[in-house]
């Protein structure tokens, strides 16, 4: 297996919001990789490399590769024999796992959503795949706008009370929905969501920097963030600045979200993004790093971010990503201003207040 | 086993009131059939046919055939190996199971009612018969007017907290009793009943259309309905319009409720009902269906109905019943008005408001 | 084993106060008999006779015969194979069981009282002796005036929440203590005590008829009563009216309470009591029964009494006791007045209000 | 094994504050001894000697000797077969156990602190080491100033609700932190900390006699105290009055706290302390005892102290310590005043009020 280079920076750990749980600032997620286009041997090598560089947070979901992602991870946990208290494992519930529904009907009618039935049945199925007796965090994977939030809050607390999860969070919920979950929890004396998992990158700043901040979710609720797609699905690696290569994820993946990105290739927004990335490449060169590492470093610079979840196709990618911890230290106010100017998407109020 | 005809409409799924649980609009119940006058092989064929047409809700009670109904279903669940999350199974507690009481004393003194003792002991016995570790819904089968509603609300929540049920509901409770259960639940921070199971048909409309609506149980409490006897014990099949046949359920069954219906055969109310059914037969003919399917379709047209529970003596009956989903689409305001005029029992206030 | 006479009255069942639990109006207790001066074979015969006459409530305590009473009953339950839902079994916690403490120190320091530690450890030990997974009622056997009532209320609710008891009650608590337990339960949303177990007989009326009634425990809290010593330790059998026989319990038992009764033999109160008993004997003769059966019938006449707990040294005593159900029907206002006049101890306020 | 001398005073038992739990006024702790510099055979002999003189409270922590202390005790409990209800066992969570973290990283990042994750995982690991299914008391070993107190209060209550602990407490928390824990518990209807474990001795009086008393923790919250270091790490044995011997703990231990004491040897405060100890030696001589026993007796004289936790390197030390129970009886107001004058550290307000 791959050995971490000796000059990697030491891993940084952060509290998940105001909770007492600590996770590595860089973490690894099972989306689009484990159980998907990366074979099991390589997937295990990646998990091992992540553990070796000090990553302790491993993020999964019932919906990743129809459950395969968790199966691959479960076998890795068993094989490596890591101590349970040394790792923080999450799953996310909402989209169902392919193996749980009726045949000929990919997802059963109650195998999706945030009903009490699916939250409990889905988490138990995920635990079986992960070969664990509990996850550290169970997330509501997107909101379910039919099920009353009270039903979901109660179900997540049921998982906590029965020892199947230690904490719960949300993913891509509106600030108003997170606030309602907290209001329900307060009214019933239950535990509220300690963490939200939004997409966040130099190309997607509003939710994290504006919506959640305005709703006082950081200051009042102590919300933590485990953000995904810090490189905006590869856009911030710079690999598309000269067009979409044939072997890229955008060209090859049949994932719905990736396909929606592909649809926008070449339009005005796309062109503007690529121009920004070109500007960022220049800044990266000045800092002696590459654009992907700089983009990751920029995300880590935000103190509201508890961890940035990254994927990898090879162990070496993990090692490179960790270098962002050093790069982040170079991001002083001047550099940050330069980056803001290149992208021109700093949320309005922050602009107004801080120039 | 029977194969569903290829021209059956696709099953429709509805949320159980405001909860996140989804059930098929048509469902199957174990009353008077499984463990009763239908043999086990046929009962299993009926359950299989129901599953094959997309029915996911299977409704039982400890009191059905003295517990035999649940034993038959339990063996079917085991035989067919359906995934637990693909089905929604309920039991109902109040009347005891014949096998639970002392010998020579059909039902033990604490083997009935809604005491904490019987709710817990009765549900555990039902789970054993059903060979399941939990039911999706446990119902209070009729109110128990001695036991304080608080004791029952706490006991149903105990079942939910210990993982033996996911939701709880009531059957044939007064609106005021359901409201009291919710008030108790609110006061104690507990889970209220998400669903009521009343009798509902063209011949029995008041409770569903007037009593519950006036009490704001749908709008305020989000109450769902899983209604039984949509054909009013066979009256709405039209088979009694020319007198009671010797081989009919009314003529043969020794069930107490059926006997009470039999007692009314030939009186004024009975005659008026048969006249109405004759009128309905004409409307059915115009719509190109039969009176039973039309009666079922009429029930499904009510958006407060989450599911209509039906029985069957043969798999083919299930297939025919499912056609009601198509017939319901033909019930426009004109047809509904025509039906109201034939029966003349539209609840008064609805009449007054909407003519 | 003994067969019940064919002319016994049918057993009467009563709700335990306002709860939904039903118990036989006459019940059997393990005090001073099982595990004590009655051998196991006879004890089992008594339990079997009780079951056969319809008694469903069996009352034990960790302190009875140092735990032996429960061991004897546990073996009986196993031997007879009664269905769990057909019987109501209780234990009482406070005094410890001899087998639970250190050797040479009959009761360990934490093997008594109503601390969380002893309530939980004591009940688990009692369940092991009784060979049951839960008791129906666990009682606080006398108050513990050091331990805060909140600690005890929480511990009894813990037993209910973990399925080791269905209900809890008190024994020989003051009205003010029961009221405080309810106030704590109300404040914390917990379950309050549904039943109190006091001594009650024609010779001891104040607590039941005055103290508890004045505190509105019956009307406001729905408190039930399972009373003990309806014959006041044998005084109401009339066997002491001509002096204490050598083979009587008072003469022979070394139980502390019995010894305290013995100490009073011959004093003014004792003489007055014996005079009253002589008067009662005459009334019993007029009614065609004996004084013990009449005394039991008088207790059953009180509608606040859910059950009268009786002991027995022989199965035949049970049969005779059951006849009190018939005798109670003969106790009209005239007879009750006659009895009140004989004893002259009717609580003052009842006197004043009702003459 | 060592036999207790026949002239030892009888052990005294005290309630833990206002709770119903009773512990011996003198107890034994695993700090710096079991699993540390005392070998297993001797450690077991000490535990046995403690049990034999009536000590029922055994205090451990996950952090003592990296978990070894609990392993040694667990094997002793198994070997001696003491009844679970006869002993009161505690653990303390915060510092992690060496065996729980990653290799090469003594304590994993989540293997310390008072997060829900560590409180639950840490206690379960401690129970495994102790070979017990529950501890009587689980302490928060020092405050964790990042984790919200609500998270910790909920986690300790989770341990109580799942039967892994009966009570919880704190160790070396500020009065304001204990008060906040109680406020959180009150708001959520949860169980608050019944006991604090502070250092307390003739050389360290403020926290116990002033801070906690001013905050009304004894009177309002019923807080109990299980104090440690009654001899202030050996300073009150008098063995340092003529300098630090080579074979003393201060000279030899590499424990961080002991090292901090060592650093102060010879400075002004140290000299003043040794002068005080010399004065105390004279008082001890007058009372016919030694200075260590007198120091322990002085601690026991404080009625807010539930138990004084002591260590031992030999069974005989336990026997001598128990004599403090007799010595405490000789500490009348005159002697106490004499001691206060020698140390001159009586908290100000007590001085002012009582002279």
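Each chain gets a letter, A, B, C and D, in the order it is written, and its residues are counted from 1.
Everything below uses one rule, namely that a contact is a pair of C-beta atoms (placed from the backbone, for glycine too) under 8 Å apart; a residue touches a chain by one contact, two chains touch by 3 or more.
Everything quoted here is computed from the prediction, not taken from an experiment.
Common neighbours of chain A and chain D under the contact rule above are absent. At the interface between chain C and chain D, two copies of one sequence, fewer than half of the residue numbers in use are shared by both copies.
Centre-to-centre separation between chain A and chain C, using Cα means, comes to 63 Å. Note on chain placement: the centre of chain B and the centre of chain C lie 45 Å apart, centres being C-alpha means. In chain C, the positions touching at least two other chains are 161, 189. Interface residues of chain A, counted against chain D in their complex, comprise 13, 15, 18-22, 56, 82-86, 88, 136, 160-161, 163, 166-167, 189, 191, 222.
By the touch rule above, chain C contacts chain D in their complex via residues 100-102, 108-111, 113-118, 120-122, 125, 144, 146-148, 151-152, 154, 158, 161-162, 187-189.
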